[in-house]
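Each of the next two complexes has chain A plus one other chain: chain B in the first, chain C in the second.
After this line comes the complex of A and B, so read on.
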């Protein structure tokens, strides 16, 4: 059973002290419903997955049921999925499996995070409690530190220059300027970013994403019924997912993420396409170095050559393989659980050719990919999509 | 694609200050592997779901990946599922869908909770943070209070007597005496339980389950390949799930759980059987009144007559429809995320006829049911199983 995306919606990503968890979710859900061209009765949604790590608002359990009742879906079978920063992508993977299994005709995959009002214990997530707490966090390291080590190793093994790494941020900020839903809508220049306060050498504050509130929703259905809902269904060609040791000291290689490589291989196999067929991608640039590694993990270039794609401008909006046209986690924002679904929203618009800001529209893209990573590579999930015929 | 359970395992349920989260999971996983009669190479497991609310040990995110690497499954696609006290049951539902979808041949569903070492913020879960925090918890109520209101309403509308409600605890403690893995292996008498310290009128401490550590694992595969692994595969006949308003003031009826009714209807429909066909059941008795309501929600009796089943001893081990032969949440223990999978372990043993303690074995049971509820009925999931041919 093939699966199609029939509607997507997301809030702006940013800091929203006046919007509750429920309000954010409602906004994204309503936008997704409106996005279903020929209309969808919400009651047709039979199963829902909501990805979130540590939702604000004080609710500790049963979040999926609570958010479903908030948008009028009380009664639906709902699941809360948590795979750190990859929660949204894994929520989508479950929805795809549910449709393929014949369990339901229409399903919802969503993601949400309200990070700016988290209580202290849960706000520590930023410091690395989705890495290996026992062996990494309690030894004093954290996510900026871990990604800094990965960056240093990449520089050491492959001669990657710091300016190429930070060049990821420059590119993604440039894209976000044209995305009204992005958190950081301003350009940055390389000099300034390189001189910015250091987080963990070689990564400065401009090499890291921010703390973000946001929600995103995608509605999927059986492909053979998709035309009832829209003339422009986007097909799910492949889904791949994998895990890895959380602690990086357990891994054989520090210049890439094995989970992402396995997830990509599975997704490419299901889709029957290869890296060269991908015409637009949203990848998980929680730190700039992560996007360089993603190029290699996804096969967009040979191992070790990710930096050249930035040096040569190949992944800019007008390059041969535009990456993170939305601005990416770096500049669009990274509301943990919402990120994976937000990536899917962007790719769906790109493949339908209806990105609202023409300057961000990748012309004629037919096949797109999303790449969503949890923690420092403990989990990863990749999806490949095809534009409407 | 039909689905079969080929192996189950669980730790003892109780208070284990010397066993880490990882140690508990390892123990349950190893037992499940050993339970696969003809052996299973763990590498055949392609996809895993782990249910947990708020795992101890300090790990906040990526728990599924962490636990998978602990048992040698690094690399597998793993998902952490959280639906409050129904997390385990929903993890199983996802694994069933994955097999049905053709995504994988062998999958794992697991549950775990280490409640006795939770930091203060997360230990508040017991007080009702899986109910509606905004509208119930912040108004001062908590789970004992909510279930006390449900009990009072049942007594008022249906003339249910307090001694029948507490009779659930007496029955379940009597069963747990014969279960070496149960947390509370002692009989209680009705008089003493009725006079015990009051939690929330009419519920005393003997009407509530405890705080528990534990883990449980179930391994499923495509039914057409099950005989490669075991001569006694237990078939999954049906899976049903639903949600409801978290806050009970939003519900039309307070004498039953609508989510459980919907989940049961869906499971019965898939299974092609009805309540009269069920010969053994594990139901969610977080409070004694919950088991009375479960009898009605599952159709074991007419609405309002749940109390009579206890009064007349119909759900005792030697009754026509034995319920909670394991001791139930009340006496076997309730390690939140592990509970739903623990129920499945018990039913699988019951249907294979290999319960280790003959006195707990329900003779000749061919069809069994599990009923797992999240919070005070915000989520519910029901599974129906058939014994090996």
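After this line comes the complex of A and C, so read on.
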């Protein structure tokens, strides 16, 4: 059973102190419904998966049911999916599996996070709970330090230069300038980013994401019924997912994420395509080094050569393989649970050729990929999509 | 706010944290650090515990700026400013994550020789949690 995406919607990503969790979800859901070209009666949605870390703990239990009732879906079977920053991507995978199984005709995959309500101290707690707590966090480091150590090892083994790593942020900010839904819509220059205050050496504050609110929704259905809802269904060609040891010291290789490699291999196999066929990708750049590793984990280049893609400008909007045309996590924003679905929203628009701002539209892209990672690679999920015929 | 490992659970790891004793798998010979119920290499569960030398080398490291470490280390960062954390490759083969202490961050390199020392890690509920950190081993190249 093939699966099609028939509608996507997302809030702007940013700081919205006056919008509640429910208000954000309602906004994203309404946009997804409006995006279904020929209309969809919400009552047709039979099952829902909602990815969120539940940052802040305001509503930990039964969050999926609460958000469903908020948008008029009381009664629908709903599941809360939590796989840290990959929660959204895993929510989508579940919806895909449900349609493939034949059990559902129409399903919803969503993601949401409300991070800016919290005092700074409480936010810092929530940001560090998705790595290994007992040995890694309580030895003195959470994600900035962990990604910094991955960056250091990449530089040591492969001669990757810091300016290539930080070049990821420069590229992604340049893209976000043209995305009205992005959080940080300003360009940054390499010189300044290199001189910015250190966060965890060699990463500066410009190598990291901010704190973000946002929600995103994708509606999927059986491909053989998709034309009832839209003339431009985007097909799900492949889905892959994997896990790895949470603590990075338990891993043999520290220059890539094995979970992402396994997820990518599965997704490519299902889709019957390879890295060279991908024409646009949204990848998980929670820290700049993560995008360099993603190039290698996804096979966009040989191992160790991820930095060259930035050095040579190959992943810019006008390059041969544009990556993060939305601005990525770095500049579009990273509302943890919403991120994976936000990536899918972007790729669906790219493949339908209806990105609102023509400057961001990757011309003629037919096959696109999303890559969503949880924590420092404890979880990873990859999807491959095809444009409407 | 801080994340939480209860005192009894922390106490159950003192053999590792205080005396650097760790289990080696009887089936495949892999040293498991920290201890696991199922061997990280072969998945079996019979181990012989051994005392480690505490010697190792920097596999990778970072210098975390003030405020960049987990909240449990806020008090330490107020006093020390930055905090040096490394993945240490032990002489016996396994890797661990630990702080480097009493060192000049400028002198740390991938490959620098290290030795384990016993130090305060952090405070929780008025109880000090102790364990190992590493210092530069001046006696080795």
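In this section, the second predicted complex is superposed on the first by the 377 of 389 C-alpha atoms of A that agree within 3 Å, B and C clash if a C-alpha of one lies under 4 Å from a C-alpha of the other, contacts with A are read in each partner's own complex, and residues count from 1 in each chain.
Keep this in mind: contacts are C-beta pairs under 8 Å (C-beta built on N, C-alpha and C of every residue); 3 or more make two chains touch, one makes a residue touch a chain.
Not measured: the values here are computed from a predicted model.
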*Touching partner for A:69 - first (chain B), second (chain C), both, neither*: first
*For A:84, select first, second, both or neither according to whether it touches chain B, chain C, the two together, or no partner.*
first
*Identify the partner contact of A:359: answer first if only chain B is touched, second if only chain C is, both if each is, neither if none is.*
neither
_Looking only at contacts as defined up top, I'd like to know whether chain B or chain C touches more of chain A._
B
*asked:* I'd like to know which partner A:129 touches here: chain B for first, chain C for second, both or neither.
replied: both
_By the touch definition at the top of the document, which applies to A:262: first (chain B), second (chain C), both, or neither?_
first
*Touched partner set for A:141, first chain B, second chain C, both or neither*: second
*Shared chain A contacts, counted only where both chain B and chain C touch the same residue*: 121-122, 124-125, 129, 133-134, 137-138, 245, 250
*If you look only at chain C, which of its residues touch chain A in the complex?*
1-3, 5, 9, 13, 34, 40, 59-65, 68-73, 83, 85-87, 94-99, 105, 110, 121-122, 129, 131
*asked:* Help me check something: in the complex, which residues belonging to chain B touch chain A?
replied: 1, 47, 53-54, 57-66, 68-69, 73-85, 90, 93-94, 97-98, 100-103, 119, 121-122, 124-125, 129-134, 137-138, 241-246, 250, 258-259, 262-263, 374-375, 378-379, 381
*asked:* Could you list, by residue number, the parts of chain A that touch chain C in their complex?
replied: 121-122, 124-125, 128-129, 133-142, 144-145, 148-150, 152-153, 156, 197-203, 245, 247-250, 254
